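Input: one structure, supplied below.
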Amino acid sequence: MISTANSALLDDLVTANHILVNEGVLDGFGHISVRHDKNPELFLIARSMAPALVTRKDIVCCNLEGQVIDPHGVTSYVERFIHSEIFKVRPEINSVIHSHSPAIIPFGVTGERLRPICHMSGFLGATTPVYEIRNSVGENSDLLIRNQSLGRDLAKVLSNNSVALLRGHGNVCVGVSIQQAVYRAIYTENNAKLQLQARPLGEINYLSDAEALATAEMNDQHLERPWQMWKRNAQNAKFS
Amino acid sequence: MISTANSALLDDLVTANHILVNEGVLDGFGHISVRHDKNPELFLIARSMAPALVTRKDIVCCNLEGQVIDPHGVTSYVERFIHSEIFKVRPEINSVIHSHSPAIIPFGVTGERLRPICHMSGFLGATTPVYEIRNSVGENSDLLIRNQSLGRDLAKVLSNNSVALLRGHGNVCVGVSIQQAVYRAIYTENNAKLQLQARPLGEINYLSDAEALATAEMNDQHLERPWQMWKRNAQNAKFS
Amino acid sequence: MISTANSALLDDLVTANHILVNEGVLDGFGHISVRHDKNPELFLIARSMAPALVTRKDIVCCNLEGQVIDPHGVTSYVERFIHSEIFKVRPEINSVIHSHSPAIIPFGVTGERLRPICHMSGFLGATTPVYEIRNSVGENSDLLIRNQSLGRDLAKVLSNNSVALLRGHGNVCVGVSIQQAVYRAIYTENNAKLQLQARPLGEINYLSDAEALATAEMNDQHLERPWQMWKRNAQNAKFS
Amino acid sequence: MISTANSALLDDLVTANHILVNEGVLDGFGHISVRHDKNPELFLIARSMAPALVTRKDIVCCNLEGQVIDPHGVTSYVERFIHSEIFKVRPEINSVIHSHSPAIIPFGVTGERLRPICHMSGFLGATTPVYEIRNSVGENSDLLIRNQSLGRDLAKVLSNNSVALLRGHGNVCVGVSIQQAVYRAIYTENNAKLQLQARPLGEINYLSDAEALATAEMNDQHLERPWQMWKRNAQNAKFS
């Protein structure tokens, strides 16, 4: 099934791994997937490894039960159910990123909600929900989304939003394309940094709901511009 | 009309694009322009693209209505009206920078005003105005300066200042030369970082108005020194 | 005795020195040791030098009295007693790191305790003790762990924990392997950064004790993944 | 007179310029000097230029009136009087650094005093004085130390300390050698960053006066270790 996937899509998936490391969204952990362009019941993701080191030959194909079906016997990430369960219930979504993007963590463990502070992050909308795994399995877990049941609970909390936080763990960003998901992951981190800086200055004047919507639509017209720059930066950084 | 522009000026415009990315003022978005040295009713700016990737052949020439007139048919930035409208009403200004320079954003969305905290940023003067687009078009916009009318409103708020903030969006810095505008853009970001750090320490002793004026005049004598360093840094970073 | 040590272990020790500098844990000071694989009463550490510059030929062998026994006459770090005294009382521990890792310092000099804010740092557990050298030798010391007596006092405060802070000085991280100690040193710094950022946002929802335990066990299964990435990063940075 | 100076001293002065840029103490502005090793009434400093670009041939020799005496006709920094006046009244001091090192600025414009938060910065001692130029020339100046009279006033405020801040401007660090002055400049910046981070966590337990003294003496034994590392870093960064 990997052999039937669009070759440029596979290249973009590898590039996205490197971009997300180079821009500080991923470190040694985290992952990005893309829905198979020939079969919406399949998705492509790296085998279990550091995203900085991913190459074309490390991409595997999973089904929506989270099973690696090609190549046979290779292991992907423990948390691949984040991807499979979101792909199941969000047919318009074609790319999912799970990261521990640092500045976002504080918004999952305090009462402060992540909200769009500028026009680059209107996609955050009015709500950035926080998934609390204790509501699924109590206070004894290792916080990982280890199975379909946890993936389903997370997907429910994500609902129709672009981004959800995982308390004490990280976040998930989704997009209609790799480019949109990467854009959202990077600008969610940027928004978090800005909100952390603005907080001590007093009340923050966030985007209105209508502004969030309008800016999100506007930015979707310009995804190729930063993608080309991030790609060049990652290439200069000599990944894999 | 590009062919009649001073060749060193075009080189400086390309270099300024790379410097502003390398020093963290621009990311994949934002732009810098310079007034045409042979015709004050024209200005030079890149076509619509990431500033890190700009080369000489990407420079286009616009008139003060914000229309690209050379080469025919090329598209420049949606927000080129920021440049055209400021060039219209500020004849002494020859370079305009619009950026989303990160540390400045918090000062556009809170009650805290950006003020000169040290002698490198005296050009900020007593006032750093904030443009609120809601006063022009209400709460439903995508925040972009998409037309002459919005550019005019922004230019009015900028008035005779060196820098104006755009709420939830970014800022605009102007200068008599590319070198002065670049200096101001970089040190406005630096001043914002320092003001964010000093804020939790208690009341801040800003420059007096006379000190702001005197330091601004003094720094204008030394623009070439950091320009040469930033240029070298950008060249080492191997842009475009 | 150095000649009898596992060659890959010595290579890992050199690599760990470079990784810890490259990831911002060590600067010109600080050190990492590993217990000799053939003799648990010995440990390997660099001679007294900047960790960025350490090579295989700079490794020396010490006994648990903190004496360099091979090669004869070479001097190691003044604070080698941190290592010798911990190796004495923690037989399961095979690697010790002492650093001035910056974001951790504030938690040694204020009432704020370092606690696990996310699943990557569950190894911090419920307690991150702070060693106060004034309790050992009063208010006149140079804060260094200069002898066995101070090393013993520090080891007592560390007790069975993974990490202890030294007030106004730095911290010590321990692990069953070089890879685990390095992982803990890097993620202790990361946790400190996140806790500093989250603090102004209000009350923090830390990992429960059971979550800390479960995540620590889980992460121990994945130490090789970030190690390979950090190693590659250090190699790209061309150390020594 | 430059020809009579120790050649290694001149090399160290060039290296120190690059180190201070590479470690974030200097940007396009600021300067370091060293007293002439053959004549204590002379000192060596770069001509007026960005420190990143300084080479051996850019070093000039000044007398303690702040006049460039070799080579004839070359201009050095406007603020060379910082150096000449400190060399005049501090015979034990052989190197002076003036910088706008960023994290230090907030401590010059607020009521918060810079104090030693850890053992690396014991040289700060109990007092880090702040020079207020308004006490010398009122509220209309450009803040620069433009003449002997201002240099004298600053030297008085510095008194016997290692570091003094200049309100809204920067700081001055002094040492018995280039290596000690560079060490102090870098660790003053580090201390400022740590104090800014610790401030929101509550009351800070600073070094006692005796600890500050003891750690300062101890660190003076280890100046060569970080110097070699910083030198290597600057060489890798390919300055000048």
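Chains: A, B, C and D, in written order; residue numbering restarts at 1 for each.
To be clear about the criterion, a contact is a pair of C-beta atoms (placed from the backbone, for glycine too) under 8 Å apart; a residue touches a chain by one contact, two chains touch by 3 or more.
This structure is a prediction, so every number in the text was calculated from the model and none was measured.
Taking each chain's centre as the mean of its CA atoms, D is the chain most distant from chain A. At the interface between chain B and chain D, under half of the residue numbers appear on both sides, which makes the contact a different-residue one. Measuring from the averaged C-alpha position of chain B to that of chain C gives a distance of 46 Å.
Chain C has its Cα centroid 33 Å from the Cα centroid of chain A. Looking at chain B, residues 200 sit in touch with two or more other chains. Under the contact rule defined at the top, the touching pairs of chains are A-B, A-C, B-D, C-D.
Chain C makes touch with chain A in their complex at residues 116-120, 122, 190, 193-194, 197-198, 200-208, 210-211, 214-215, 217-218, 222, 225-226, 228-230, 232-233, 236. By the touch criterion given at the top, residues 27-29, 48-50, 52-53, 100, 102-103, 105-107, 109-112, 139-144, 167-170, 196, 199-200, 238 of chain D touch chain B in their complex.
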